[in-house]
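The chains carry the letters A, B, C and D, assigned in the order they are written, with residues numbered from 1 in each.
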Amino acid sequence: MINPQAFTPNEIMTVAAARALRNSDVCFVGIGAPSAACNLARLTHAPGITLIYESGTIGTRPQVLPLSIGDGELCETALTTVSVPEMFRYWLQGGRITVGFLGGAQIDRYANLNTTVVGPYDKPKVRLPGGGGAPEIASSCGEVFITMTMSSRTFVERLPFITSFGHGAGGASREALGLSTKGPTRVMTDLCVLEPAADTRELTVVSLHPGITREAVQAQCGWPLRFADELIETTPPTAEELRVLRELQDRTDRAHREEA
Amino acid sequence: MATLLSLAEAVALHVHDGDVVALEGFTHLIPFAAGHELIRQRRKHLTLVRMTPDLIYDQLIGMGAADRLVFSWGGNPGVGSLHRLRDAVENGWPQPLAIEEHSHAAMANAYEAGAANLPFAAFRGYIGVDLPKVNPRIRTVECPFTGEKLAAIPALRPDVAIIHAQRADRAGNVLLEGIVGVQKQAVLAAKRSIVTVEEVVDRLDAPGYNATILPSWTISSIAVVPGGAYPSYAQGYYRRANSFYKKWDAIARERESFLAWMQQNVIEQGPEAFQSHAAAAR
Amino acid sequence: MATLLSLAEAVALHVHDGDVVALEGFTHLIPFAAGHELIRQRRKHLTLVRMTPDLIYDQLIGMGAADRLVFSWGGNPGVGSLHRLRDAVENGWPQPLAIEEHSHAAMANAYEAGAANLPFAAFRGYIGVDLPKVNPRIRTVECPFTGEKLAAIPALRPDVAIIHAQRADRAGNVLLEGIVGVQKQAVLAAKRSIVTVEEVVDRLDAPGYNATILPSWTISSIAVVPGGAYPSYAQGYYRRANSFYKKWDAIARERESFLAWMQQNVIEQGPEAFQSHAAAAR
Amino acid sequence: MINPQAFTPNEIMTVAAARALRNSDVCFVGIGAPSAACNLARLTHAPGITLIYESGTIGTRPQVLPLSIGDGELCETALTTVSVPEMFRYWLQGGRITVGFLGGAQIDRYANLNTTVVGPYDKPKVRLPGGGGAPEIASSCGEVFITMTMSSRTFVERLPFITSFGHGAGGASREALGLSTKGPTRVMTDLCVLEPAADTRELTVVSLHPGITREAVQAQCGWPLRFADELIETTPPTAEELRVLRELQDRTDRAHREEA
């Protein structure tokens, strides 16, 4: 028997992200937490969800989570697989994706993300992987969900580099750039869920995970956090959600152990 | 018409010091064996182009083959950093590495424009982000009908494209299937091309009428290297060695362990070693 | 998600008087049955878009459905003129027809740009020719890197795209194979779309991993019309009725013989007639 | 037995066109005479020739001639078939075609072609089919071969409309427009073969078909024709060429009769 009270911070982050997805969504999936969340949604409340990976696989239904965005499992279980130029031109830029998932090394209060460098670009202290698909996922998807583990080194007052655009300097920053997509609408962390305020677009804690205090969240954030007036507690994962997620992770671990 | 050569001959003939070289393959079909041959033949001053540098560029950069890197995402997928890439950018070891950085959308469009013989590609991109501030090869173009401003990037036209594919027929036509990435575009955009294949067959047995096939006359040379994509994979032949991608993190973290591994597994080996690697991942 | 409707329902729901409508299919898979349904439902003032108007647009134009034609080659392939198209352009019968004329390259690029959500396409075209003098929708754009001037055309974004395909699965995913033309681009470029199919099957049996498939959620409605491409063809189902293309020349040459044929074979028929036509071409 | 002396004007035009093709050519094929010529070449001296039809079929080897550029036979016998946008972008514009074949309703002395209108564009006397692939075939292929039946109504002093560009107003007209392709290098007719003069680029008769006089050719041409100093007689079709061509035409007629 699964004890629904006993879940890890990572599990509730993944479950919260999965719940945000609808059966009708067409979802551009990143690796790691987004991939687990999207497939958890598919295996629970959203069996009709369309998962797209930037490697070109459309409508994929992996039995185990891929390590990369281009594992053979994704192609074998997909409705079809297109070239990478087609993926970025017809499908992402084409405006056909309802939800894009992003993560990042750093985020600011307006949900702008940095995955490029820490320190100056020309003389970086830490060279991060770079943008990949993120800059255009951030602008072309109907809305963007972000999953990140909170810490004061990752939730920062000021980004050294904007790799993908969230709500810029807040307010109508997106509209000012001609963007008609919503941008980040939800940030799922290991401690809480944040959403941009309707007016300022500043990220606001709307839901605390069970047992997490305001102070605990603030301690892991580099700017003074806003909390929603009607702050609620995140509904804990159900036994069924935990069972499906753990089975998925187990299948994945077994599969990755088996091969060479 | 594609000539059938050994991998060593093909690399010696088509890749020269200072060339702009694109080894492509999006997670799938990465031409590892060909990359190792570039290292064994001690190519220098290359401009390496690739959307996702992956382990093979970590190896080329760590061995000092490259002066410049054109890329859009430089990590070990699902694992973490490319330590040799970072060491080159952060510390200039074993030599400084200039970088030209794009987004995936930009590079995919730039290969596409190269294949289509266009000087540039226009796309909806880079909105609100910092990369255009540090990369002068990102500009804008105005739609002559709506006045809208779009991002623009020059076409990629490498000196040499190198890819791995499932198989060729005896006439030198090449079949790719599965995650086909940007490889067809890269070959069509390049001045010269090398394709390593798992096997040469009498009949391609292409899946359907619309299979991804590069006709023989679009390719410079073909080399048969079974397993040549390992630890990446070849759909229908062997699986991705995800465990090696994880192991690489420790191998590449320190300069000494990296050099020792390269000496033993690349410098002192040949392309024939890939067959047994891949067999283990079948 | 695509809804499964009768052809009459799908046309009634998605195609309105005055719409910009693209019936596509490059020689292969031309949606004749859907075109006949537009005629039976007496659609008027359409802007008809199609690279190769073919017999189906000859019929629509001759029946007075169109105010405007956007096209790049208006003939009866291998036979000669489209007499109804010529009569409309030369003599304004049954009503004047405005034309917007392009080259194949331009229209293919314009559909591509539409599918890619770009406002225009740049291409190397129209060099030294007269069409840009008579078509203001042909302009130029300058490469922001080389200064080179390229031809530019606005993206095609029809109100409705109508195509015919081999088959759909029960979830409404659609497979095309063989000469696939610009149909995928046309559907992705359009606001709404209707796909007629030969059959609905439990499993698509797509050829390989990279088959040309339109997911259900990219299509508005699907209608099952066996033989719906006749006298064009559906690869794997029935062959092109080349003899009908030759016969059409005599039918369409005079207004009276044309109208009599349309009355008997279109107005007084339904989509079910196509099944037997196509069976004869198997 | 085939009598090589007994051939039709159309046959020698097709044979002359076929002979101009090399085994290494990648040829963009139009319908009618070009299609017969290209397949005759493939079935005789150029078995390795690559034939491409604008419908997307690459490396096709039809057993019978297609009526349209998209008959099923072309796809079934092709190495592969690509989309039409890809055909025009990667293959034609990509500069991969060595020879493009064109015909037309009208031609002028600089091998410019009209297939658009007779009379004013806005009030045409005859509305012709239009350009189709021709404008870009004329500029993107390495060189262009033209096949046309001669008559003073088709070989005209002045075109009412330039659908595809040949040598413009002669001389360096192509270079002036930035074209590096050769343009029309040979015109094969039912009476003779013409080539552009090296300097002026004016079409010049270089070879008369057997039994055809200069006067007969001039009678079918709307401008005063130039003849090469070293005018030769076209080598008549061989018995083998006629046999292969007639068998191809017979197979084609039978196939088109058989179907509905």
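Assume contacts are C-beta pairs under 8 Å (C-beta built on N, C-alpha and C of every residue); 3 or more make two chains touch, one makes a residue touch a chain.
Keep in mind it's a predicted model, so treat the numbers as computed, not measured.
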Chains in simultaneous contact with chain C and chain D: B
Distance between chain centroids, defined by C-alpha means - chain A, chain C (Å): 41
Where chain A and chain D are represented by their mean Cα positions, the distance between them in whole Å: 58
Sites on chain C at which at least two other chains make contact: 116-118, 123-124, 148, 178, 180, 185, 206, 209-212, 235
Per-residue overlap in chain D, given as positions that touch at least 2 other chains: 75-76, 81, 89, 93
Touching pairs - complete list by chain label: A-B, A-C, B-C, B-D, C-D
Touching residues (chain side chain A, partner chain C) in the complex: 24, 26, 50, 58-59, 75-76, 78-82, 89-90, 93-96
Residues of chain C touching chain D in the complex: 26-28, 51-52, 71-75, 77-79, 81-82, 85-86, 89-90, 101, 103-105, 108-109, 111-112, 123-131, 134, 148, 178-182, 184-185, 212, 233, 235, 239-245, 280-281
Contact set on chain C toward chain A in their complex: 1, 115-118, 173, 185, 188, 206, 209-213, 215, 217-218
Residue numbers on chain B that touch chain C, as the complex places them: 116-120, 122-124, 137, 139-146, 148, 150, 152, 154, 177-178, 180, 206-212, 235
Chain D residues within the chain C interface of the complex: 31-32, 54-57, 66-72, 74-76, 81, 83-85, 87-89, 92-93, 116, 121-122, 124-127, 129-136, 138-140, 161-165, 168, 173-174, 177-179, 256-257, 259-260
